[in-house]
Amino acid sequence: MLIALLTDFGYKDGFVGTVKGVIKSINPSVDIIDISHEISSFNIIEGALILKASFKYFPPGTIFTVVVDPGVGTDRKTIIAKTKNYFFVAPDNGILSPILEEEKPEKIILIQNNKFTLKADNNTFHGRDIFAPVSAYLSKGIDINEFGNELDNYTKLEFPKPRKHQNKIEGQILFFDKFGNGITNIKNIKGFKKGYVRNIPIKKLINAFLEGEKESLNLIKGSFEFYEIIVPLGNAKEKFNLKEGDRVVIYEA
Amino acid sequence: MLIALLTDFGYKDGFVGTVKGVIKSINPSVDIIDISHEISSFNIIEGALILKASFKYFPPGTIFTVVVDPGVGTDRKTIIAKTKNYFFVAPDNGILSPILEEEKPEKIILIQNNKFTLKADNNTFHGRDIFAPVSAYLSKGIDINEFGNELDNYTKLEFPKPRKHQNKIEGQILFFDKFGNGITNIKNIKGFKKGYVRNIPIKKLINAFLEGEKESLNLIKGSFEFYEIIVPLGNAKEKFNLKEGDRVVIYEA
Amino acid sequence: MLIALLTDFGYKDGFVGTVKGVIKSINPSVDIIDISHEISSFNIIEGALILKASFKYFPPGTIFTVVVDPGVGTDRKTIIAKTKNYFFVAPDNGILSPILEEEKPEKIILIQNNKFTLKADNNTFHGRDIFAPVSAYLSKGIDINEFGNELDNYTKLEFPKPRKHQNKIEGQILFFDKFGNGITNIKNIKGFKKGYVRNIPIKKLINAFLEGEKESLNLIKGSFEFYEIIVPLGNAKEKFNLKEGDRVVIYEA
């Protein structure tokens, strides 16, 4: 069995190691893989998109433990979502909703049974005290119904959609990857006439980074399934001082 | 068997990969888990506190390989400490002392036997040449007495303790976590009347981050078992320009 | 079997997790180890040197998946190199050449067989679509000849070599490690009389970091097998504002 982790814990403070220690204490034979622990602090949209681009490459049966959880310690719910192929253990704050739109949930369980969680004298680390042990027990084959009652709904994420008017598509930059490429929320384009980020021209629609016009913005279909704004062998974000939320306009050919 | 690593090596230079290559060459079936490799360079206190908050969540028998080692290549000792539940392989520079206060060592061994270490033509990477192979041989069940002679002592870390006078507790910020929360050295408070970091007021003692007063400093019992200085959904360190060592004063109710 | 990964993907975007998901989907029992994912974007020389310092510490049979790939999506070749002890799966852009000089390739295969790669509707993530599945199938024992035809050559990397004139050696700083130590391209020195980085004096040739003159530049044989420029308990790069490419001159005694 495989547990895949996505959090905003960072790599410095030992939080991830502690989570893995808890998991291995309960199920020593489970495999653990890191998707990311550098989601920007509390950034549910970024976490959701990175998880969505990655999850379907994992083997069926994988348990995804997803902890971007600004509401830790409040009465926000913690849930398990079972889809045809996977389990997702997460706070019910919308982070799963882009995935559950694509991969319909067969069952959503509210985590209630404290037989499967750790007691703690603080209330700040549910990754360690709830999400890790629940994931570990799931990986041991504990039936999902043992963890709590079924819910008939889950929190949906407000997600900025592009607008289309005739041949003009208006979207925005959602976030930047490590290379400074700007991931937009635009998924489909029929041909490329011209385009802009703010008022900076996008020169070409390309299929490989090196085909782009040098020192300029170019557009490429990227691995998040969205179009991305890139500079060949450069960092688009830094070179043009781009920001999350920057308006992207594409005119189709 | 499980080996858990904590170092200040960072993730860029391949040092951690090399350490794991050495371990897997000696014991291919051992599981390796990273606690942290982003301990601030040479910062023994930070490493000690992060390890202390994490180790007890690992399964009994875990071997902790701990390399924050500014004295590498000098005559500082390298040791194995065996406690009731765990093994710790580390330089004898005090990094284990907060743990060994809590989890009494049954035996301290000086690493001497070069049958269990690698030869190298440089003297700068004992993580690779000493700590990794010793940990790997330990994980294969080699008796701890094979590695060298017993020591009857180990280096203690000078550790800043808070002072208490009547209802006033004076402590300090030890370090910051990834979220910019300031971990103090204050462990016990009986009620909260008021408090300050330098001259900045602490508004509330809270149980969940979101209960705190917005844009302000608040106090919460955190997962390092110390009280932490936080800003809800914010970064206390950056917002108030806090520093390690900043004085924290709490008046109990 | 063991697959070791070295990329410039960073840890934030989930790229590494996706690569591992692909590998585990094909071969659930393979062990995966990270060497580094923080190679500077597109920096083939840095990646080559970090891989070269690390690979020989891995068990025989290890498959190294190496993705620093500025030419992704162009017609640059993708190859498997088999040496006596290891497999290397990489773009043919020179990143393997320092290793293949030392560890002669027995066979170079051009990756052609799309039975062992993933189909994708974008052309930007060959780590996921080519390098990961090819490595996973190799780890399952698929014969190397199944992946494509043999090549009789591979791309060599232009690599800056030091120059020697009588007792004067002129080299340069290749890159900096996490501690701010400057890794030079100088491998052999017969005694040390004096030295400079730009016009900043190097005070001593030392065997342990703490033997160095404080607050000053010192020279030590490091774990990359090259001499390194260091400040004891300090960060040479930041303290003296050193840069990649800075000229290093050593006068032998």
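The chains carry the letters A, B and C, assigned in the order they are written, with residues numbered from 1 in each.
Keep in mind that, in the parts below, contacts are C-beta pairs under 8 Å (C-beta built on N, C-alpha and C of every residue); 3 or more make two chains touch, one makes a residue touch a chain.
Just so it is clear, the structure is predicted and the values come from calculations on it, not from any experiment.
Common neighbours of subunit B and subunit C (chains touching each): A. In the contact between subunit A and subunit C, the residue numbers used by both copies make up under half of all numbers at that interface. Rounded to whole angstrom, the centroid-to-centroid distance between subunit A and subunit C, based on C-alpha atoms, equals 30 Å. Multi-chain contact residues of subunit C, defined as those touching 2 or more other chains: 11. Note for the complex: subunit C touches subunit A at residues 8-18, 20-22, 24-25, 28, 32, 41-42, 70-74, 120-125, 128. Those residues of subunit B that touch subunit A in the complex are listed here as 2, 4, 6, 11, 31, 33-39, 50-51, 53-55, 57-59, 62, 177-179, 207-211, 220-223, 225, 228, 233, 235.
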